[in-house]
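Here it is: the structure, laid out below.
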Amino acid sequence: MIIGILKETQKGEKRVSISPGIAKKLTDKGFEVVVEKDAGAYSAYKNSDYIDAAARVEKRELVFKDSQMLIKINPFNEEDLKLVNKEHVLISHLYHKSRPELIKKIAAKGASAFSMDAVPRISRAQDMDVLSSQSNLAGYKSVILGAYEMKKIFPLMMTAAGTIKPARVLIFGVGVAGLQAIATARRLGAMVKATDIRPETKEQVESLGAKFIVVEGANGESEDGYAKEASEDYIRRQKEAVNKSLYKADLVITTAGIPGKKSPLLITKEQVLNMKNGAVIIDLAAAQGGNCEISQLNKTVTLNGVKVIGTSIAPESVSTNASELYAKNMYNFIKHLTKDTNLKWDIEEQITDETLIVHNGTIRK
Amino acid sequence: MIIGILKETQKGEKRVSISPGIAKKLTDKGFEVVVEKDAGAYSAYKNSDYIDAAARVEKRELVFKDSQMLIKINPFNEEDLKLVNKEHVLISHLYHKSRPELIKKIAAKGASAFSMDAVPRISRAQDMDVLSSQSNLAGYKSVILGAYEMKKIFPLMMTAAGTIKPARVLIFGVGVAGLQAIATARRLGAMVKATDIRPETKEQVESLGAKFIVVEGANGESEDGYAKEASEDYIRRQKEAVNKSLYKADLVITTAGIPGKKSPLLITKEQVLNMKNGAVIIDLAAAQGGNCEISQLNKTVTLNGVKVIGTSIAPESVSTNASELYAKNMYNFIKHLTKDTNLKWDIEEQITDETLIVHNGTIRK
Amino acid sequence: MNISLSIIYLIATVSFIVGLKKLGNPTTAKNGNLIAAAGMGLAIAGTIFIHDFEVPPLIYILIGLAILTGSIIGGLMAFKVKMTKMPELVSLFNGFGGSSAALIGLVEFSRDAGDKMQATTIVSGIIIGAITFSGSMIAWGKLNGSLKSVVNIPYHNIVNNLFLIGVIAFAVFMVSTGVNDQVLVGALLASGLIYGILFVLPIGGADMPVVISLLNSLTGIAAAITGVLYSNMVMLIGGILVGSAGIILTIAMCKGMNRTLGAVIFGSFGGTDSASDEDRRLGSIKKTNPSDSAIMMNYASNVIIVPGYGLAVAQAQHVIHELEELLTKKGVDVKYAIHPVAGRMPGHMNVLLAESNVDYSLLVEMEDINSQFKNTDVVLVVGANDVVNPAAHNDPSSPIYGMPILDVENAKHIIVNKRTMNAGYAGIENELFYNDKTVMLFGDAKAALTSLVSELKNM
Amino acid sequence: MNISLSIIYLIATVSFIVGLKKLGNPTTAKNGNLIAAAGMGLAIAGTIFIHDFEVPPLIYILIGLAILTGSIIGGLMAFKVKMTKMPELVSLFNGFGGSSAALIGLVEFSRDAGDKMQATTIVSGIIIGAITFSGSMIAWGKLNGSLKSVVNIPYHNIVNNLFLIGVIAFAVFMVSTGVNDQVLVGALLASGLIYGILFVLPIGGADMPVVISLLNSLTGIAAAITGVLYSNMVMLIGGILVGSAGIILTIAMCKGMNRTLGAVIFGSFGGTDSASDEDRRLGSIKKTNPSDSAIMMNYASNVIIVPGYGLAVAQAQHVIHELEELLTKKGVDVKYAIHPVAGRMPGHMNVLLAESNVDYSLLVEMEDINSQFKNTDVVLVVGANDVVNPAAHNDPSSPIYGMPILDVENAKHIIVNKRTMNAGYAGIENELFYNDKTVMLFGDAKAALTSLVSELKNM
Amino acid sequence: MNGLLEFISNNLEMIYILILSVFVGVEVIKNIPAVLHTPLMSGANALSGVVVVGAILVMLNSDPEDYFSLTLGFIAVVLGILNVVGGFAVTGRMLQMFKKKN
Amino acid sequence: MNGLLEFISNNLEMIYILILSVFVGVEVIKNIPAVLHTPLMSGANALSGVVVVGAILVMLNSDPEDYFSLTLGFIAVVLGILNVVGGFAVTGRMLQMFKKKN
């Protein structure tokens, strides 16, 4: 089977879905791999690296034309779809719950499409779970970004020129990203607090040496390890619980999300107005609508001395690692779907079932 | 005595020499304090904060006119000097060893001038030692900057999507900045190596859990805790010792300096060409000529995938803390120079002696 | 008594004390055993050859014969037995010792018992000997399974204690009346034997070690009594030593399985057999304690530590590092096996161990270390569960089926530290804990490891 | 002997053993002392009142008188003495004990010594008694300074040992010939006294404790011998206990100041007096060891830890945190005093302690904590030097004059841990180390603190 | 009662020896690591085999005709020796695990 | 030589008691914390004052005329008691430091 690796077109995106290393593994397994020219440029991969991996490097059109399986990270867009035909099997994020129109278009082409953001949260799927691998990096980078933007330093320092108080960091949403953010902030010596709707995260937060802000009557747990939407009342009680910490915080990182839904609004404009001059908010959920009322995706808004940075693309800024991990996930996914270089289409099997959104033009989810 | 606080004019500078907190302490001690309008803006200090501290806020000309002692951080420049008269006592960095012409100009005005970068490195002077307090922050921020610019993450991570190797960080020059850089990088989980011309720094590096790269026959120590210029031969042996690590490094931070001299050239263009694609060099010595051949002050040069960032003003990026500490240093210095709000001019005393560069128009150093 | 014999006995006695002393410390224990044995040999030889009256050769021959047979059988039993079967063997031997004492009593009784004093010693010798004998036999039967676990005698406590009182009364009567009638003696003997049985029968297999140790100290006392009878120092002191040491040991053991000796003696051993509490769906688990684990590691040549979420919960990263350093100093080769999804976030274990400055080179990825487990003496699993759950290989129905895991079950010994038998994230049973090679070290990781470390330090 | 007396003695003996045992553990020591004392009282009372022969009242009166005087004087001396002067008092008492033994010997000798056996006991009693007496007196003199330190007798070793041999020979002669002449006894006594003097005189003041402990065990032996003489169990066993315990103790002490007992006995005490090695420019320092430091802290109600560059060099951040946690668990209130320039970079101590997760709230700035030192029981200075150097206050010529420091010298006790007496960054002497309240715990911080922690755990 | 007293005063030394031995036994054993419990028990058990001395005495003192004593004595010796030899041997084997690694 | 042997066989129990006592003495003391060295020494020292028993016996046994014995005995008792009382008292004071904080 011929696998085509497309260059990411979304602005700001620096990753590539398959690294030279993984390309090599695929060709070794007998796949043919065609890589769009300069696909890896921003991840410090040269075209030559891919050629060394026994892959071909072609221009865009050829990639579409030659390959049966097309892989990219961000959802296929209008441009891409123009070149898609019913032979194609597309793999990328699709966010099918929130973007039905895209799914329809793909179906119209009669192609098949797997969505990486639909990989189930079961233990054996963890090594294909791009959400985990990427939001993990996002968690790390968001703290670095915060530390870079802040006018203060993180650690406590008692020096001859006086004592610097440690920075106070507040994390909303303790998923993969949230946990890694906590760990990173703690390493840098900040005083970290965090809150989440899923009660079991308390122990997880404490297992990283940070404090958990309990919201009375939190009960958002849902079997598959995701949260469900929070009630009005919960949001209110949450505010009461966190405001004291929020108004003292130097850095706030929000990662709260409900899969397939608009992310919950956790910090209102009015709350921002009460925050410290010089504080920074990093809204990792911006792409899904954001956890902060005034945050805008890929923009920095400043309101009475508080910088609000809306970003979802933190991982790209560590594109090398991000691409490596993503590629490894993809490799495991492809390995899972195929048997000696051919797709198994084993639709009974859970992972295939949940990720296969469009099958030969019919929408399954 | 009336003390005038000037707004920094140098581009990129965000600090202010006296914080509202310290202004308060001064007025409490009976000094009159006049602050130039918006002096603290970039450090998140409002004019009102100063007024609350019982200081006056005036525009530039008036500050010069009213006050006897004039304080800023960066050296007084042409513009400033226009307004200086022989009554004035100037306090700022002067770098008198490297900038004699400036000193001459000041002398010509018949004024007096103290240089903060001339504070002797004796234990009891540590609380006036702005070099320490600022380069300390510079050390911290340089690592954050590096982490922000890098395409990799710092810590080792063994995840379901594969293992990320820890970043390799190499530090040249283990002074105050260097040590803090080591500490910060180590906290983030990097593998840190460092080298310095002063042999006693080996123990200091190891006391932070990092590895020291020994250069055979290093003997640069000089009594006052500074290094002296390195011999041709030393530089050669140093390259031999570090190159292996340098070519593997993901982040390089150079802080090597010899007080009053051009900073030593430690990384040649040719060495850069041998470095890893995606590596980052941060040259904290850029202002004194830089430790890297191709670095330029306040510019980012990229050479075959290696980003070389020349900066000396890292501390400004944490302007709030930086200003606090600087102000505290200034306060201790002023307290040391004065007796009930009048200058003592106790020229015998070591600190006064070494910092007083121009006295009533006569150049002392 | 002959002077040189006295001196020999003196030496023997000292060797007993020293031997016992050395037995109390792992490093000297083996010597201790030898020394004690040597002393014993000396005492026996001396007894045989040094005495100031004539002995017909026949008797010498008989004695020689007896000793020969005894030695051979004993030796064979000792060297044939499987490691696991040793405790029951000890119990068997102990029974022999007791019976020997009883027999002596019988003989001496037949030769009219002189004053009351003597009579007392003889009679008590017989009874105690009998009790230890029958008791030990039952214990032995229970341990080798030929006697199936708990036999429940209604009100056995009351019954037993009443019976004991009866026996004692009987003995007192005999001594005081000074009757000298073989039948009565037989009765006495019998009652002793019966009591021994009654005493041990109701006790669960798990408590047998304690019982044996108790009976053992009884044998000691029997020996001491015989010593008094012959005013023979080596027997007296040797016996007392065993008696007192045995008691202390018993107490220690009770502590080990948190019981009080009082509870033990006054029959509240009860049917409940601590091991049998554990649910048996997957067989039974073996508990262990810090000091045993410490010894296992101390004498291992390589150890692999498997950290899991529990290590983070307990914030035990510093202690585990201390443990690793300590073992390394003792010449043990230590590594950490890091499972890609151990903990609750990617790289959780890395963050944790970096915090306590564990050297990166000691952290080994799953792929690289799985092959090494089979040559590993001891694996210490700390607060990990799913990532070492064989169900991932064996049980297609399991939610973690197909997830790669750390194959710790290939190691020679496995120590698992967690607080309870509760499941981990995936919420499923873990058959590893029921593996024959696995011992469970229950308790919060920080606490458990801390005591483990201090145990190791005292070695 | 009267039976009830025997029983009393029996009880007394047991009480001695138990008492001694309890004396070996900080928590039970006080009871131990009481128990032993009680036993002693019992024995004495028993001796006086229980005996099966007539005693004229006069003698009772005398005995009563003697006991009264003795008790009063002894009691007064004991309660008046200053803590620091206690060792010398012990030595004094010990001397009395010895002399008492010698006197008894003399008396018994005057009443013709029965068989050789008796003679031997008597004679040795006299000699040993005499030696302990004179020896203890010298020791006492040295300790209270009335005898100025080392007196150097040329070849004192040879001289001493020859003399000792002489004395023994003399004794043997007397016993064997069985001569019974007051003059000779006098000579014997004298020679004993002289030897005692010769033995102790050449020994430096610092080693006196060892000597005292040794003499003490000698007294014990003397007592035991007297016990044999009267075949009196309580004396015999009591004496032996003291004798053996004393020897062990002596060895332990020698270990403490790393000497071998051999070296001690065979006169290689030598003139060098370990304390006098330390340079005296600022007076002398006091060394300590982990277990003593541990006890100090264990019984303190608050402790302040002062970390310095050395803590970083030793990478002992994790151990110090463990120590702090341990003390806190024991109810001690622990804080860290952070000097602004401790270490080699601003915030060095913060980085270090953050690494081992020390709670920020425990780190107190210099300004805030300086006032608290005076109410602090123990300050533990770990690898800090300049930042606690009083010269910054007192010595205008010092390079650090004017630098604010942590005023640890206001605390009640100060423990300083560093490897040597070397200077710190500023390269200057630190008089704090010579302060009366300061004890030095030498060694690498990590090693020293680790053993300190394990000592604490065993309390 | 005074029978007992009398007994005591006759065997005073014995009693001292008894008490002292108890102390020694206790002191020597207390606070040993749990792993040594079993070997120690086994060792002590072997020691308790010291009764064999008594058994031997029985045989020595019984005249060749007295078959009763002889047979019982014989058995006693056999069993006793079994206890001793077997006991020490087993203990020895248990202690194998403590041989230090090369 | 055989004088010694004879002595041994006469005082066999004594010797056992001696040996056992030594063991007890040693076992009881070994590995105690260094801080306790001095108090322990002082305590043992007090115990060694048990000689006073001997001194008392001397006085008891000497007839009222025998001034020599009496005086010596008297002194012996005084000194012995001094050792005992003083010894225990000092030890007690030394141990004050071990009273646990409230």
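Labels A, B, C, D, E and F are assigned to the chains in the order they are written; within every chain, residues are numbered from 1.
In this text, a contact is a pair of C-beta atoms (placed from the backbone, for glycine too) under 8 Å apart; a residue touches a chain by one contact, two chains touch by 3 or more.
Remember, predicted model here, so these are calculated numbers, not experimental data.
Peer 1: Provide the labels of all chains in contact with subunit B and in contact with subunit C.
Peer 2: Chains that touch both subunit B and subunit C, as defined above, are A, D.
Peer 1: For subunit D and subunit F, which third chains touch each of them?
Peer 2: The shared contacts of subunit D and subunit F, listed by label, come to C, E.
Peer 1: How would you label the subunit A and subunit B contact, same or different, if same means the shared numbers make up over half of all numbers there?
Peer 2: same
Peer 1: Farthest from subunit B by Cα centre, which chain is it? Let me know.
Peer 2: It is E whose centre lies farthest from that of subunit B.
Peer 1: Through what angle, to the nearest 5 degrees, does subunit E rotate to match subunit F on its C-alpha atoms?
Peer 2: 180
Peer 1: With centres defined as the mean C-alpha position, give me the subunit C-subunit D separation in Å.
Peer 2: That gives a centre separation of 41 Å.
Peer 1: For subunit B versus subunit F, what separation do you get between their C-alpha means, in angstrom?
Peer 2: Computed value for the inter-centroid distance: 75 Å.
Peer 1: Please work out the Cα centroid separation of subunit A and subunit D, and write it as a whole number of Å.
Peer 2: 69
Peer 1: Specify, in ascending order, the residues of subunit A that touch 2 or more different other chains.
Peer 2: Expected reply: 126-127, 132-133, 136, 155, 157, 159-161, 164, 187, 189, 209.
Peer 1: Two or more other chains touching the same residue: where does that happen in subunit C?
Peer 2: Residues 17, 21, 233, 237, 315, 340-341, 346-347, 351, 354-355, 357 of subunit C each touch two or more of the other chains.
Peer 1: Can you list the subunit F residues in contact with two or more other chains?
Peer 2: In subunit F, 14, 16-17, 20-21, 23-24, 27-28 touch at least two other chains.
Peer 1: If each chain is a dot and touching chains are joined, what shape do you get: line, ring, star, complete or other?
Peer 2: Shape = other; not a path, cycle, star or full graph.
Peer 1: If you go through all the chains, which pairs of them touch?
Peer 2: Final set of chain pairs in contact is A-B, A-C, A-D, B-C, B-D, C-D, C-E, C-F, D-E, D-F, E-F.
Peer 1: In their complex, what parts of subunit C are in touch with subunit D?
Peer 2: The contact residues of subunit C facing subunit D are 315, 318, 321-322, 355-357, 454, 457.
Peer 1: Can you name the residues of subunit C that touch subunit F in the complex?
Peer 2: Contacts found on subunit C: 1, 3, 6-7, 10, 13-14, 17, 21, 233, 237.
Peer 1: Per the contact definition, I'd like the list of subunit C residues that touch subunit E in the complex.
Peer 2: Per the stated touch rule, the residues are 16-17, 19-21, 23-27, 29-30, 32-34, 36-37, 40, 43-44, 47-48, 51, 55-56, 58-59, 62-63, 65-67, 69-71, 73-75, 77-79, 81, 83, 86-87, 89-90, 93-94, 96-97, 99-101, 103-104, 106-108, 110-111, 116-117, 209, 212-213, 216-217, 219-220, 222-224, 226-249, 252-253, 256, 289, 291-292, 294-295, 299-301, 331, 455, 458-459.
Peer 1: Could you pull out which subunit F residues touch subunit E in their complex?
Peer 2: Against subunit E, subunit F makes touches at 13-14, 16-17, 20-21, 23-24, 27-28.
Peer 1: Under the definition above, what is the set of subunit C residues touching subunit B in their complex?
Peer 2: Subunit C residues touching subunit B: 338-341, 346-347, 349-351, 354, 357, 360, 363, 365.
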